[in-house]
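The structure is given below, and queries will be raised subsequently.
Naming follows writing order (A, B, C and D), and every chain is counted from residue 1.
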Amino acid sequence: MKKALLLFVVLAMLALVSTAVFAQDEVWHLGILVHSLDNEFWAQEAKGGELFADSKDDVVAQVLATDGDDNKEMQAMRDFIAQYGDHAIFVTDPASKANTANVVEIAEEAGAKVAILWHHADELEPADWDSFVVHMSPDDFVAGYNTAKHLFEKMDGKGKVVALYGQQGEDSAANRYAGFLAALAEYPEIECLDMQVASWSQDQAMTFTQTWLSKYDNIDAIWAANDTMGLGAIEALKLEGKNGQILVCGCDGIAAAYEAIEAGDMACTVANNGYLLMGYGASYAYQAAKNGVVPENPVIKTQAVLVTSDNVAEYKAMFIDGTPEYDYDDLNFCVLSAHPSFAELELEEKLGTAAAVAVTGAVVEAAEEEVAWNEIVDKINAEIEKGIENGEEGAAEAKEIVDFLQGLYNEIVSGEAK
Amino acid sequence: MNLLSKKDVKSMTIAEQFVSKVEQEALSNKIRVYAPMILLVIMTIVFSIYDSHFFSLKNLVNVLGQMAVPLILATGLTFVLLLGRIDLSVEGVMGLVGSAISLLLLNSRNSNDWGVWGVILPLVLGTLCGFITGFLHVKLKIASFIITYAISTIVSGVAVLLYNSQPATVKAQWVIDASQTYFLKIPLITWIAIIFYIICAIILNYTAFGRAVYAIGDNEAAAVASGINVQKVVIEVFVLSGFAASLAGLVALIRLKLGQVSLGENQMFPCITALVVGGTSLSGGKGGMLQTMVGILIYMELLNFLTIIGVSADYKNAIQGVIIIIAVALTITRGRKVIAK
Amino acid sequence: MEKELLFKTNNIGKIYGSNTVLQGINVEFHRGEIVGLIGENGAGKSTLMKIIAGVTDASMGTMEMNGKPFKASSMMDANKYGIGMVFQEQSLISNLSAAQNIYLGREKDFSTFGLVNWAKMNAAARAALDKLGLSNISPAQKISDMPFAMRQMVEITKVLDIVSETANDRALILLDEPTTVLTDDEMKILFEQVRLMKEKGNCIIFISHRLQEVLDLTDRIYVFKDGHLTGEVETKDADEYKLYEMMVGRETNGEYYVSQRQTVPTDDVVLEVENLAMFGSFKDVSFKLHKGEVLGLYGVEGSGKEDVCAVISGDEGKTAGTIRINGKEVSFGSPSDARKHGILSVPRDRRDEGIIGILPISENISVSNYGKNATAGLISNKKQTENANGWIKELGIKCEGPMQRINALSGGNAQKVIFARVLDSECPILILDHPTRGVDIGAKGDIYSLIRDITEKGFSVLLMGDTLDECLGLASRIIVMKDGLVTAEFDCPADNKPDQVEVVQKML
Amino acid sequence: MEQKNKSFKTFFIQNIYILSAVLVIVVFFLINNSFLSLYSIQNMTTELAPLLPMACGIAFVLYAGSIDLSIGAVASAVCVITGLNVGEKGNIMILYMLLFGVMIGLINGLLVSKGKLPSFIVTLCAQSIYRAIAIILSNPHGGGSKNIPLKQRVVVNWATNKVLGLPILFWIAVLILIICIVIERKTAIGKSIFAIGANEKAARMAGVNVTLTKLCAFILCSVGAAIGGIMYTYKLKSSVPTIGDNLYMMAISSVALGGTLFSGGKGSALRTLVGVLTVTAISSGMNMAGVNPLWKNVVYGIVLIAAVAINSEKGGRDLIIK
């Protein structure tokens, strides 16, 4: 019995640390879903959401950590909804790409508005859902691409590079590395000697770097998928006195990385600006819930700044030493570019905007009038296949585009059939 | 009986058979005892032949440097495993102590500069964690697997609370110097690890406490009967393991400078694997400091070699797993009636 | 001549829960005497020993040592007063050396600055071992490399050393069944040492189920029954018969082994063993076991008889020879294979290999034959409990009920549960490996008549007796082994048992 | 009367393990009344559905006195394989994955029982192997999770539909719980598992087939993990290669919470259920109570210690708990 009492005391202590606020009318409860708070960038994101909530009288924020676990994220959302019903709004840095679909489904079921950052599941379009207000992302691919490109430029387009990969199984790790590979492809004289999975760990990154240094004597640069691993690599370089000589990059923009850039040990990082992302994400969700304001183009790319020795002082002052102040009512402030849907975004990336509008128009028209679209496509396909056989440049890409258009066409047709 | 003049089994008397059986068993036991060492030598030779980078001075120094943290942890864990217990809390304690030190020395987050106290107090804190673990394990009679897991969860939570999501970089000059100091081409942190290892080896082999650890691991009831205060010894072992984890936290911080919870991540299971490969039994009572060193060396060499030859990162963990199972199968003592748990 | 009083108890008692196991005990031990404690298992003598040695606390009463009040909180505490105990079960650390075991917990005598000088310790251990005439034991040898009896001697050396060191020949030494695993020679050395200790003025308390040993060694005997002290006799006034009477309150005589119910074996051979061998242990062992027969296997420890049993029960593998069951050749790799062929054993080491301690009695009974209470693969726990209840009644097992944990039972009752298990398995061939070891006399009698019952029902028994007397009394045929070989075979009809001397000649 | 009191006391002591779950639920209900709303209960039942089979599975290995650290990785691998194929191949994948679980259990079990290797090491290595499989199958270069295409979700949607107000997944978990109870109480193999856990030598001498029994314990465990993995796929409607990373400790600590002994021979599926309930209630409750995420680990650890301290059965002072 004594022990049962012990447990009771422990649980009673819980009540002290809990900050439950009961549902009131016209108070919006913002659930901030981030991976965890033991990482500086995620803490920055959470802080961004809280800054937004502080700026509004009728918003109460609660940070819900997901540990990067799809399941915990769903549970946390449902727990939150159980409490606040349709007065819950969410802004989430989702646990994974795939889980965004679940996030949206749960929100839809409860009628809660949600803004999603970073990832989105294939075929998941904000326009199709009432609750999915906006998707905002600075694009991991671009971040990986930009840091790699900066390194390669500094290397004068030739030399040897090694890469430190993040956590296996995580989307951002995969996308950043894909960006690195894309940049690598543009520089034929740069060779990637080895890639190792250092799982975001400073210790492992340091160990791998030491091993590389004893194996290769001609490394020019180390591409790391985040700052922590970059810092690990730098510690290994310091032991050899090679810091500053071998280029290192990071990503995320944590305090220690800014200091390393100032000291000349790190070449560059990407300031993903968690404050802006989550703050404005929350603002979009809030506006949609309260005022029914839904952005016309809900797929938004935000600014991710490449921080180098040139601009490090400015960003350190803004993000680390202070917190940035934003006008959250000016929803357009955070927008670098906005797009109606992911499908269009993808198309735009391939065709260029003007061409995309034209082609999409043609496809819609064709679908509506039910002209012999199939015949046209067959002809084009035949041409393309001939092109592929002859090894013509761009033929493969053209085929991809046609396939996409075919998909779009089918969707429109089947949508009308309904 | 001389093995060369082996008689026909049938014509041997039972006494002769018995003598030869005992000799054979003694021989195979000896082989088992030395198997990890033989494995280590073979690995070193094969690896060196396979890739010339492996046996280069530079790489060996690397391996020695990387060995510091695992060696310290494994030294502490040796005592715990000899008791037949397990300590999952070392990762959390490492993170806590590393974070605490980084916040108390000259750093990027605050204006603290506590000098030597900035190291001593966190070490005491980490050791205290070991004491609490041991105390709860003994007094509440909770399996060490669970209690140490719970403590690890709590302690790493506290660590993040300490630095409030923004880890501090150590700026104290002596820490920076320490990470770049070498004696006889071996890094200072490795010397710290080796000195700790030697002290622990002496404690294990030449003190009453060391004998008590073996006694409890082998036969707890008998240890009680011999007047050994089992609870005290068990708590002391967890205190020692807590101190080892704290020291490892300090060394990891010297190596990496950034004080965060992840200093301790993925350190404990590899150490336990290494100990078992070296010949320490998970059920207690069997093993020793020599086995610990051999196990750690085998493990570090394997890790280093897989990186050097550039095994695809996707397959590395899987390959490592398979190799470890084979290594354990080769080196572990198994009789007909041995019970594996 | 009145001897100086060393130790006395005043109304010592012990209560476990609602169960009083010891009540109102007043005993006195004097310098320079050897006192025997006898009684059935569970009579309370082991509990008294544990209280004196500081292993458990007394629930009531007081004790005096050297005229001063005595209360030990631990064994170590008791050692300081000069009280040491040699345990029934082995309490050595198998991966430490003999010297390290002898001085375990006392290393500081050999330490400087906390570091132990092993050479000094080994020398001291050498001297301690030599004092007991154990020159064949090396102090640096690991316990795990020693035979069983040698380990026991190390244990005795350890205790004698502890108390003689602190007590200046005013020691009280408790020996709890120290002879169970010793050979005759080792026993002689032990007895010599005990007498030597006594002459120096120490007091030795000796517990044994072997009454002859008690009579040989002691000066005075206390008899316990059901937690009470029921008698005290001078050894010179006692004989075995009288002691039996005092302990069990019933006479023991030739009918002890119920030999009038001994079956005459049939001609049906159920188990045949031919030229069986196990490398390093025995060879060329051949015998036949008939239906309804008790076949005794006898020899000294290490004669190979244990391993013969182990091979037939599937516990060990044979290296040569054949085993036939009902004329069909079989081979097994484990006791579960053997069970499938109808062979099951009552293991010798009950605590380690017999009882499944934390499980209830009913599970312990059913473990060898779950199928009995199952329909279509699903076990009925109700049937299983009923089944257990049946056995509890049939074998007279004293317990709270079938759901009681088996480790709460006394040795004899636990052994009966093991018998219930092997009988429940319906295996026709039973190997009884020292079935009465550590069992009190009352339960022994029950087990003897049980063996008669089952042979009457047609079971066949391969018996390894605890004593020659028992083996001869129970078996209808006896095989004697020596140094791994069968040396003789005797017929033992109920009315014409062979002479013990004759058998002993063949085994030594 | 006294007899009756005594039996009540025994009953109380034997069933005190339920108390921890009740206390946790009551406290959270007091903190926040919506903790026991229908929506919240639906949420928690969905939550515990995949965890329950995993915990029940590993409980068998713990009864036998061994441990299995690979269940999380097995769940990950199963989740990935199912998620990638269920859209095209349909629900038959469940059957394939159960067979996959049997195979994994067979390998682990053989290495432990026949190879006489410590289960701790075998399953630790198995963990890295199956985790690598999950990642390799996900994508070259360790790609992340993939959702089942929205159009193919018809195949898996049934699992989260509700029957009697609670999701089908939960009812399946209940069914599995009942099967586990039947196995441990009603079958020879279940009872043998307890016997070898309590005293392996004695069970062996009593004719229990130790090798086979251990093998079965590991197979039950891996199948439990596979079911957990399948359920996660159906619940998350995607393949997540990292799903199991924290699950194995969660499953093990749930079993410990219920009071199952790590030394083997004791425990029951009902205790495991209570443990799983407690773990789920703690994590849901903390979300609803608005506990700062930084404090969550601290609170979880303390509650874990307190609950295990209450629930573990103490078999007298001679019992050695490692």
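Going forward, contacts are C-beta pairs under 8 Å (C-beta built on N, C-alpha and C of every residue); 3 or more make two chains touch, one makes a residue touch a chain.
Every value quoted in this text rests on a predicted model; they were computed, and no experiment measured them.
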item	value
Distance-maximising chain from chain D - centres being C-alpha averages	C
Inter-chain centre distance, chain A versus chain B - centres from mean C-alpha coordinates, in Å	39
Geometric centre distance via CA averages, chain D-chain C, whole Å	43
Whole-Å gap between the CA centroids of chain A and chain C	73
Rounded Å distance, chain B centre to chain D centre (Cα mean)	29
Touching two or more other chains - residues of chain A	37-38, 165, 168, 197
Two or more partner chains touched - positions in chain D	135, 141-142, 201, 294-296, 302, 309
Touching pairs among all chains present in the structure	A-B, A-D, B-C, B-D, C-D
Sites on chain C touched by chain D in the complex	313, 315, 334-336, 338-340, 344-345, 347, 352-359, 363, 366-368, 370-371, 374, 377-381, 421, 425
Residues of chain D defined as touching chain A within the complex	16, 19-20, 23-24, 27, 30-32, 34-35, 37, 39-40, 42-43, 46-47, 50, 83, 134-135, 138-139, 141-147, 149-151, 232, 235-243, 245-246, 283-284, 286-296, 299, 302-303, 306-307, 309-310
Complex contact set, residues of chain D against chain B	65-67, 111-113, 115-122, 124-129, 131-133, 135-136, 140-142, 200-201, 249, 252-253, 256, 261-264, 294-298, 300-302, 304-305, 308-309, 312, 314, 318-322
Complex contact set, residues of chain B against chain D	83-86, 136, 140-147, 149-154, 156-158, 160-161, 164-165, 220-221, 269, 272-273, 276, 281-284, 313-318, 320-322, 324-325, 328-329, 332, 334, 337-341
Chain A residues within the chain D interface of the complex	3-4, 6-8, 10-15, 17-22, 36-38, 62-65, 67-72, 74-76, 78-83, 96-102, 121-124, 165, 167-171, 173-174, 177-178, 197
